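Next up: the structures, one after another.
Each of the next two complexes has chain A plus one other chain: chain B in the first, chain C in the second.
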Partner chain A sequence: MKLYVKAISSYRSDREDIDVKKELKSRYKLDTRRQDAFIHLAVLGAQRLRESAEIYENDELFLTSGVGNIDVIARTNIAVVENHQFIKPFDFINMLGNTTSYYVATSLGVKGKNIFDISDNFTYFNTLVLIYASLKSSNNEAVCGAIDLVSEYDEVFRRVMGVAQDIAVVSSVNYQKLSTKPEDAIAAVEFDTKSYTKEEIESLIAESGLKVYASMRCRDIDALQSKAFFETDASGWINSMIRDKESALYVESYNEKYKLLQVSML
Partner chain B sequence: MAKIKILNYEIASAQGDKEATTQAIKNGAIKSSSKIVSMQDEAMKIPYFTLPQSVEDEFDAIYEAMKKVVEKTIVNLSSEQKARTALLLGTSLVDDNLVKAVEHTIYDYKKTPYSSSKRSIDSLCRDMADELGLNSFTMTISTACTSSVNALLEAKNLLECELFEYVLVVGLEISSVMMSSGFASMKLLSQESQKPFDKSRDGLVLGEAIAAVLVGEGESLWSIAGGYSNCNSVNITSVSASGEEYVDVMQKALLNSNLEAADIDILKAHATATPTNDLSEINAISKIFTNDICFTALKPYVGHTLGACGALEVAMLLSCVDAGFIPKTIGHSASIIPEYQPLLQERAYGGEKNFMLNYFGFGGNNTSLILQRNHQ
Partner chain C sequence: MKKSYINAYASESSAGDTAALMEAIYNKQSAITIDRSYMPQNPVGLGMMEYDDFFVLLNGVVKRVLESSNLKNFSNTLLIVGSSVGGMAESESHYFRDKNYKNIDPSRHAINVIADSLKKEFAFCDARSISTACTSSANALMLAKRLIGVGAYENILVVGADALCYTTVCGFHALSVLSSKECTPFNEAREGMNVAEGIAALLVQATPQEGGVELKGAGASSDAYHMTNPDPEAKGAMASMQKALDDAAITADMIDYINAHGTGTEANDRVEALGVATLFGKTYMSSTKAITGHTLGAAGALEAIIGCEVIKRGLIPPQTALKKAENEDILLPLEAVKSDVKYVMSNSFAFGGNNTSIVLGAL
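The block that comes next holds the complex of A and B.
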């Protein structure tokens, strides 16, 4: 499967020292009330994408995340389970995954399909598969966002993501504007539904002759890795390769299965 | 391209399994229960459609309950076919793994030594795929009340691209304190019963359910003709009273299915029985269809099962039709629009072909699905 990338946007908390909420209000003149940090992060990435991408009303929006909105779960858990209080209506609404999608769609003026999804098995890769299948059917374009928020409860993020306690974790949001057609694209991303063994993936890497990047989950693969963890790392590396105008491979691993995607600059 | 067929479906609802649920609808012997929602000094008793065998809001219990439904749905698949079956879950459940991680981190008295293993809401699917030999492609879609119907539309796309041989779509909703409390805080719950499209409607009744729908190519009377899903509302919880956003999604679903409104024989409405949603929906119905459209509501039989209602109400409708009848709408006496009356008497199935099923959720998610039943 191949999807064409028409535009990208990124933010990482360890690389930019900004107040995301203030940025949304001051730079993008957006109303940030009734939202929380996870939603703000998702909207920031979308607004940055809009600066370089043409967004259409019928664009399909797919958002994915390693775990979703931790803060609102913590806040409501304290309120309802511990303090036996009524949940606040907007905390209840923000607990729903697609609330984030709603605010992103609204900020972009998008009224097309709107999916919030999570997979234990390669959440970003699987989202690309869903997007490919959807665009093949609709002939629309897609906005793909990958969001991971590390906030006050960073241990919760580590526990749920299954990473060691001493690993650095960061908040991140990365978007791509995707199409099944090459017109006006800057890069292509190729991927498939297949997973590979370590031996198979090493053989594929050797055959390609391309530079290889990998998730921190792939410590046994000879490849350049991030120095900080976030679940949707693949989305970040795609954007990084495109910014550096570099065709390369990316490897992700989970439960001793490996997946591969290739970015080719156009 | 061959049509994507609905090959099998199963139900676990407050009325029981597929056969029991269908019989309960047929006989009008509807079982419901109640729950106490305790908040500060207030204890509120609310009607609730709970599963006959209680399922704790806890990962292992939910997993076992889901597995029973899934196993029945894929009983006819060989090992090889299972390996080519993707699993999509639609739910608005709060992730129990996340809740536990929160509790084990932030409360001193619940604190546990640090341990980590990747667990998310989709672990239900991942573990099930591993245990039952399904394909490792799993996804959990969370789009509120449209979650599992959206999963069904995504399944259709995956199959049309020939990425898998089958896709199993599961809708899942189990009672939780947080969801009950949330709906109570929004004052959307009826204190008695659901009265769809009725002038005196006063809210929804929550329900638990697990439903599974197996789709792919093969022998079946039922196929997915098409559908449409979008994000279109005036705010995060509602559309306009005129229902124009619902009109839009229904029109696009018809276009996607190469059908016109007059081709639709039966409409399964979303019909939450809340004052605003039902008003918008019946206004939309009146703009799309002439007043002889046969429309019905299924939530009074099983409750509003939120993320599960997509797959559940597909399975319920198919089961009733396969049993030879179109289910009537119960709890209704006087329509919001007198010219548009839901089906009040059960109707024998008379070879109707095109069925539209509507689902609308918070977050502006609206979905209209069109199914076809071919004549034997």
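The block that comes next holds the complex of A and C.
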């Protein structure tokens, strides 16, 4: 399966010292009321993508996350249990994945299909497969956003994602504008639905002769690894390779299964 | 593109299993309970199931699908789960008891825990979770169709599952959309919706089996209009319905029955009725949420099963609890109608103007 990348955008909390909410208001003149940090992060990535991508009304929007908007769930439980309050309408609304999708869709002006895919393993890989299948049928283009938020409730994030206390966790958002057609593309991403064993993945890496990057879950693979954890790491590496104009492989693993994608610069 | 077929399914809702549910639908017997356990001062109508452990019930539904399918196991089957709140009910109970997150079971907390739990139990080849609130499992069905269409998988199990919890009941109450009685979709005088829980699982395959139904079309759109209210001109709803018709390569007049999203809220029912009247004119339509309540992320899958049953039985469900329709340009049958049903449309609409429609076709 192959998708063509027409534009990218990124933000990482350990690499840019900005107030995301203020950035949305001052730079993009957006109304940030009733939204929380997870939504702000998603919208920031979308607005940055818009600066370099042509967005069409019928574009399909696919957002993905490792654990989603965990902040609002924690905040709601605390309000109910500790403060004996009723659930606030906008806290309830912001809990739902498609609330984030709504704000992103509205800020971009897209009215196509709108999907929020969430998983603690291979979520970005799986979203790419869904996008490929969807675009093959519709011939539209897709906006793909990968969002992970770490906050004051990061103990929940760590427990749910299985991340040890000594590993740095960061907030990040990475977007790609994707198409099944190569026109105006800057890179291609190839992937499939298969999972591999460690031996199989090492063999594929050796055959390729390409530089290899890997998530922090692939400690046993000889590859350059991230120094901080976020579940949608693959999306960040794709953007990084494209910024560096580098064709390379990326490997992710979970429960001794491995998945591989290849970025080729055009 | 390869075709997709729904060859086996099973469900549980407040009305019981699929057979009991269909009996309740045709007999117009609401399964809604008026409950005060969540909010003692505010009675609300809820669709509640009986279980000790939601995950055990979930496993039972999936096991029934496997047993009625042509598969020996799910090792060559992709699992796609649609859920709006995932494991929130269990995490909530831990938090309410301990007042902290220390004892939350990470494997039963997030939205993807239903997929993770089923993957462990049944060894699916892979799994993913879609969370788009009330369209979650309808979107899962649409994506299953697309994945089979490009030949990525031969077998996909779509599961819609949501359990009642404090957050959903009190969250919808905070939005002032809950009814204190059994909901009355499309009635002129309606009070709101009934939050409910449900589990529905459908095996979608690339080859038809005896007794199967074709998953003929799917369409989706985003209103991008308002966070909680649908576009009052029904543009988004009509776009998803039209895209589903186009995908199925049929015209609106070929649809025999529409299983409406029909939550019983002011905004949804008004807009859906407008969209259906504009696009279809007088085609039979009813909302089975008058029986089950709104099973949120499970609704798309549960109502797809109802659509399959309507095709097989050739019997169009009546609109339960209808006294006077708000929109007289739609056709809401007061009693079940015997008919040769070839095509059924099922609508699912969610917050943020997230709209999905699917078309089911007789083999």
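The working rule: the second predicted complex is superposed on the first by the 260 of 266 C-alpha atoms of A that agree within 3 Å, B and C clash if a C-alpha of one lies under 4 Å from a C-alpha of the other, contacts with A are read in each partner's own complex, and residues count from 1 in each chain.
Simple rule for what comes next: a contact is a pair of C-beta atoms (placed from the backbone, for glycine too) under 8 Å apart; a residue touches a chain by one contact, two chains touch by 3 or more.
On a predicted model such as this, the values are computed, not experimentally measured, just so you know.
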| item | value |
| --- | --- |
| Side-by-side fit of chain B and chain C on chain A, or clash | clash |
| Chain B versus chain C as contact partner of A:A74, first or second or both or neither | both |
| First (chain B), second (chain C), both or neither touched by A:Q85 | first |
| First, second, both or neither for A:Y28, with chain B first and chain C second | neither |
| First (chain B), second (chain C), both or neither touched by A:G109 | second |
| Contacts of A:Y254 with chain B and chain C, given as first, second, both or neither | first |
| Touched partner set for A:Y56, first chain B, second chain C, both or neither | neither |
| Chain B versus chain C as contact partner of A:V163, first or second or both or neither | first |
| Footprint overlap on chain A, comparing chain B with chain C | 61, 67-68, 70, 73-74, 76-77, 80-82, 86-89, 91-93, 95-99, 101-102, 105-106, 110-120, 123, 126, 129-130, 132-134, 136-137, 153, 155-156, 159-162, 193, 195 |
| Chain C residues touching chain A - in the complex, by the definition given at the top | 1, 78, 84-85, 88, 91-92, 95-96, 99, 101, 104, 106, 109-112, 115-116, 125-133, 135, 139, 142-143, 146-147, 149-150, 152-153, 166-167, 170-175, 220-224, 227-228, 236, 239, 247, 350-354 |
| Parts of chain B lying in touch with chain A, wherever the complex brings them together | 38-40, 92, 94-95, 97-99, 101-107, 114-123, 125-126, 129, 135-144, 150, 154, 156-158, 160-161, 163-164, 177-178, 181-186, 229-233, 236-237, 361-365 |
| Of chain A, residues touching chain C in the complex | 1, 34, 61, 67-68, 70, 73-74, 76-77, 80-82, 86-89, 91-93, 95-99, 101-102, 105-106, 109-120, 122-123, 126, 129-130, 132-134, 136-137, 153, 155-156, 159-162, 193, 195 |
| Of chain A, residues touching chain B in the complex | 61, 66-68, 70, 73-74, 76-78, 80-82, 84-89, 91-93, 95-99, 101-103, 105-106, 110-121, 123, 126-127, 129-130, 132-134, 136-137, 153, 155-156, 158-165, 193, 195, 254, 257 |
